[in-house]
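In the two complexes that follow, chain A is the common piece, with chain B as its partner first and chain C second.
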Partner chain A sequence: MSEALANGYLESLLQGQSNLPRSPRGWLNTLRADALERANALSVPTTRDEEWRYTDLSPLYQKSFHHAPPAALPARAELTAYAVPEAGCTLTFVDGHFVPELSTACADPALTVMPFSAALAEQDPTLQAHLARHAVLGDDPFVAVNTAWLQDGVLLRVHAGRSAATAVHVLYVSTRAEGASYPRLLVVAEANGECTVVEDFVALQPAAYLTNGVTEVALADGARVRHVRVQRESIAAFHFGTCAVRIGRNARYLSSAVALGARISRFNLNITQADEGAESVLDGLALIRDKQLADTHSMLDHVQPHGRSRQLFKSIVDDTAHAVFNGKIFVRQGAQRTDSAQQSRSLLLSPRARVDTKPQLEIFADDVKCAHGAAVGQLEAEQVFYLKSRGLDEASARNLLTFAFAGEIIRGIALPSLARQLEHIVLQQTQKQTSYRNIQ
Partner chain B sequence: MSSTDLLDDLTRREYPHGFVTSIEDDQAPPGLNEDIVRLISKKKNEPEFLLEWRLKAFRHWLTMEEPVWWPKVSYPRIDYQSIIYYSAPKPKKQLKSLDEVDPELLRTFEKLGIPLQEQQRLSNVAVDAVFDSVSVATTFKDKLKEMGIIFGSFSEAVREHPELIQQYLGSVVPYTDNYFAALNSAVFSDGSFCYIPPGVRCPMELSTYFRINAANTGQFERTLLIAEPGSYVSYLEGCTAPMRDENQLHAAVVELVALGNAHIKYSTVQNWYPGDKDGKGGIYNFVTKRGRCAGKGSRISWTQVETGSAITWKYPSCILQGDDSVGEFYSVAVTANRQQADTGTKMIHIGKNTKSTIISKGISAGRGQNTYRGAVKVLKGADGARNYSQCDSLLMGDRCGAHTFPYLDVRNPTATIEHEASTSKIGEDQLFYCRQRGLSEEDAVSMIVNGFCKEVLRELPMEFAVEAQKLLGLSLEGSVG
Partner chain C sequence: MLKIENLHATVDGKQILRGIDLEVGAGEVHAIMGPNGSGKSTLAAVLAGRDGYEVTAGRALYQGQDLLALAPEDRARQGVFLAFQYPVEIPGVGNAYFMRAALNATRKARGEEEVDAIDFLELIKSKMQLLEMNQALLSRSVNEGFSGGEKKRNEILQMAILEPVLAILDEVDSGLDIDALRVVASGVNGLRTPDNAVVLVTHYQRLLNYIVPDFVHVMDEGRVLRTGGKDLALELESRGYDWVTQGAGTGVTA
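Then we have the complex of A and B:
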């Protein structure tokens, strides 16, 4: 593909961006203009870029997507299937726009939830201090395009020293074919604040559309954030997501990211352990089939001493699907006593499935404990044999083991209703020949 | 001695092989163009096909760009027009035997610890010595000839066995492979050639010793090793260079072909001049090494101990084409002072039930940067492929770096791929234990390092293992973390 065509693609995504209403806040206009300039300077990635070497985006470039406000809002009833009863409030985005009518107000005194428009009107200093400060305009064209389209998003603030009793559920709904949506979420946990955030990307029809979301999470000293991210876009969709996290002193960030949908999905998880004693625990699962491609790139940067991180990424790949995992771990020169471990495990279910995994350790400090491991393979013959010896047939044994493989990640999600929903999806995908009813 | 004293000690350590031998040499003018390529070919009386091949390689090289973006090494751009591409000790007359070799040259090899004549009598290692770019002496030739083994300089093989060269040259590393392989293909001046006939087990270790002597020269040697079905050979190479302030380029190509059930064991102890403590001078070691397991059950094992060079950049690889073939890679790479190493391997599983093992040990000290970059690729047809990789890094000092970049690309569900990596420093508790048993801090470190590298060192032939252990000790003397 020629460079010219590639450049043209970003331009097509930015078409109409100039019609965005100007914000009364100058800094936001500057931010958008910078992002536009950045996006114009970048070209869309090809497999010649090291960061994209396994992810061929040419199917995306053959389609065109346009950003527009939602034509008609979905009825509440259409969204009940995605409800998370444990959540205290739900924030709903439709085609990238925050829709207060479909959202519920947040009654938790530990939290302030407001759309960017309200935060801008109140001149909330948090917004300006954090927005686009964590997901910076680097070489990623998708972050630049999202930022150029920055219009409404949601600011979630966790008050200092307060712990939210219930989770916040953020639902991103796509309704239109050929639509492009650019949702934006900013989570700011003040010192010693604690909360749980669930991000859920869903589709109301099996259409081809583009989601390009950016989430920023800032944890002040001693804060704790549990972050669950479920990507269940339509099987024809294209999904690009970036989550940028900054972890302060003795703060703790826990993430579970599950990728189930989309024709091509790419999730960038960029974590900076910016101060001493920061900790992160990252779980990831990709369960894909057909022609799906799921790409997860994580970047875990240990900047200061005494950091700790644990990462477990699993993929289950069927048919001609293709899973990509690239896990970078940096330990900077001063980050002594860092303790970091990363595991990547992949299960190939079909002869034409493909996995590319690239754990990456870059260490510049000497007093550290770092390890990574990667394994790719099929189900263990001994395990299948054991289950068969207990009376299960071959297919059930395999399905059960596959289910258990995914279960390790799903069980880590602390919201029972969501975990059940996910388990159900995994069951549906793993039960190929036999029925699972007897185990359910 | 405190650890800072020890570190000072280390940085003051002299490179023991850093002398220059004053020998008249026959040099081509610096620079690279088609005329130089023709000149090299003419000097060596090469057949037409080889000149053609060189020219094709040269023309292809002109279209390529130097890879500066992906290896994790940094160096000033190389001016390819200021390098001398051919430098040979001036031939006085056609050499008939070792006795006629320039005595000055022989003394050089003696200083390096390779007394060619001695070795002939005492040890059981046949040596081919390459000085600058030309092979100067080969020992034990006749004895090997009786068994049908051909071992000697590349140019000799071109003269005597052009059919083998024509068949195999570039069959594993084509001249289009990469920038430095293309350059080498155009200007390589000599190297070693080895052919093991079917079913023959080579009774001794074959060895090549490389030495860069002249200033401003690049060394571009080429090694081709062919093992016919059912044969076995163990091959060693060692390298040194004088101390010079400028950087010198070494861009070699090694091609191995193992046919059905053949087994090639290729060991390297690389100790090119690493530059001084501020990173001035030293060799750029940009080498392409690859083996092809062409037949059923063939096996190639690479063992390398890399302690020298300002920059090491090489990936000895195996193409596992034959069913049941086996590839192995054992590596110790040490970077001290300002050395940089980006090394690893590539295992390409094509045949069924192919196996590969990767054991890589990286040691970084001072301001050294050590990168493991390896790829394991399992293609669709490689049913039952199996890989095990282990990459461990040891850090000594807080200004060095250790990096691991394994690429796993799996397209067959019956493959089992495992990769493990760890990074740590020498534990205080380990040191304390050794110290309380009466060992000095230095001995304790050396013991722990040797233990860390044990899995690799034990793969080396005995004589080399001893040398490698000494080298490790020297390179890291005093680098207590």
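Then we have the complex of A and C:
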């Protein structure tokens, strides 16, 4: 790829950042300034970086994106397709800007949910205590750029010992070509608190734009957080997301991350099982076609004894699309009796589809159980024949099997309305894939 | 209904079927027996249209048309049903959903109205009762983690739903306990009409006590060596296959 394009790209993303209004909270201004400095010191990744080996960002570097308020707000009716009735409240961001008119307040007594603007005005100590403490300014330029643009976002606090009866829904809507948005979510679950949060990235136009989001989740002792992340950006969009999670003693984090959209997407899931008995269950699905590239990098760090983790990542790749899964697992010296299992399974629907999957285990403790497996394959001929022998035609048989492959992840999503929406999308896409194949 | 003439087939270049002749008429029950590896399942697979088999000579007529020219799904829609010796597990596809999709594919092809989920549930539950099946199997994935006997019952359940014209049951009795054998056999008998036919592949006379065959065929090395009435099965039970296979070429009544 062209070095010239990459040079100066971060600067172009940061253009206008200096015009951000100063926050009355000095710590936030400092945080932004640090992030800006870090971003200026970093360069954008190329395929020569080990962490980006399979993901060529040149198409991104040929486009320019600018952070700006939405030109016009979408009508409520345009968003009904994305409604999640099981949610007690919805916070809607349009092109990265919080829109109260399209949002509803949270009445759940177990939760405090508010935009950062409100949290800053109230001087909520949670925000300062946790913001950018989990997704730290490391070597990732996208985290640095997001943090440099930090202005608004959602703070979700789960009160100690309380269990939320309804889910919290955060909807990120992109409406503009060439727009750049920097979503930010902070979830802080206090001791033994329990909640479900849904992040949904959607587009109202098939435009090229940039989403660069950061989510942080902190689980205190005994807390439980269910996190559903749906990336259904436009097929021309670029999507970067980092989710950094810290899991406390006997706390449990469950995540379902689904990637359907974007020309190029990259999702970093960084989990630290920081205390004894921490547990995570991580489900992932990428369903892509055409020239899409979906890259998931996960890093699961077991630090203390008796941790448990279960990870299942699936990809369904058609046409000339390309899926990447890199699953790092660390088991630190002190993390005895860790029980960890990672599995990645890929389904290639076309001879030119590609998948790169790489487990990476680094184990420094001796008394641990760590299982991992990776399988890449086509649909099973035996299964296709069984279905055909019962009267299903080739296309229906293949669709049903593809759908079933994705179903394992989708069924794990505890919100029935969202699971149904996703099933519908998967079904449509598998059918599209077949009709495309039939034309050839 | 089915007329197989001089059928030869190869798998991976290996000759498996070496000239099968078999005629099955409406209302009849035929049993096919024969040692392991004699080609019974291969014959069933060729009739059902599985990929990977090459028919090198001969033909099979079903209701007067060239069966082997039809796609597997068209054979199924026209009433040919194969109960698999090894039913295939399909993780992620619900058993009830699968059977409704199968029924509706067939009904649609016949220009009949599709059955909705609620009516289907009623239908399938009544069939399951006849087969004394645990209804929990409905919401499980197709055959996934089913016991050997549950898989076999599930095949017969599909047969009961699809009501085939020609049912080829490949070792539907293996892996069944004695009670299950009785239940499955009475299920099959209950589906018999003067217009349909059953081909039973089996190793055991026991099944034929319940489903009494009109004809018994003995296969070996890709051929039908001997055909007789139900007494032939009894004779095989007491004398084994050797007297048939070693006397190959003599006493063939087919």
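In this section, the second predicted complex is superposed on the first by the 425 of 440 C-alpha atoms of A that agree within 3 Å, B and C clash if a C-alpha of one lies under 4 Å from a C-alpha of the other, contacts with A are read in each partner's own complex, and residues count from 1 in each chain.
Everything below uses one rule, namely that a contact is a pair of C-beta atoms (placed from the backbone, for glycine too) under 8 Å apart; a residue touches a chain by one contact, two chains touch by 3 or more.
Since this is a predicted model, take the numbers as computed values, not measurements.
**Q** Are chain B and chain C a fit on chain A, or do they clash, once the structures share the same frame?
**A** Aligned on chain A, chain C fits beside chain B.
**Q** If we overlay the two complexes on their shared chain A, which of chain B and chain C does A:A148 touch? Say first, second, both or neither.
**A** neither
**Q** May I ask you to decide whether A:L418 touches chain B, chain C, both, or neither, giving the answer as first, second, both or neither?
**A** It touches nothing on chain B or chain C.
**Q** For chain A, which side has the bigger count of touched residues, chain B or chain C?
**A** Tallying touched residues of chain A, the top partner is B.
**Q** Which partner does A:L401 contact after superposing on A: first (chain B), second (chain C), both, neither?
**A** A:L401: touches chain C, not chain B.
**Q** Give one of first, second, both or neither to describe whether A:C106 is in contact with chain B, with chain C, with both, or with none.
**A** So A:C106 meets neither chain B nor chain C here.
**Q** Quick one: classify A:V84 as touching chain B (first), chain C (second), both or neither.
**A** It touches nothing on chain B or chain C.
**Q** Which of the two partners, first being chain B and second being chain C, lies in contact with A:F364: first, second, both, or neither?
**A** Only chain B is touched by A:F364; chain C is not.
**Q** Identify the partner contact of A:K388: answer first if only chain B is touched, second if only chain C is, both if each is, neither if none is.
**A** After superposition on chain A, A:K388 lies in contact with chain C alone.
**Q** Between chain B and chain C, what minimal C-alpha to C-alpha distance in angstrom results from the superposition?
**A** 14
**Q** Residue by residue on chain A, keep only those touching chain B in one complex and chain C in the other, then list them.
**A** In chain A, no position sits in both the chain B and chain C interfaces.
**Q** Mind pulling up the chain B residues that touch chain A in the complex?
**A** On the chain B side, the touching residues are 69-70, 380, 393, 395-425, 481.
**Q** State the interface residues of chain A toward chain C in the complex, per the touch definition above.
**A** 381-383, 385-394, 396, 400-401, 403-405, 407-408
**Q** Where on chain A does chain B make contact in their complex?
**A** 50, 54, 333, 336, 346, 348-378
**Q** For the complex, give me every residue of chain C touching chain A.
**A** For chain C paired with chain A, touching residues are 48-51, 71-73, 75-77, 81-82, 84, 87-88, 90-93, 98-99, 101-103, 105-106, 109, 141, 158, 162.
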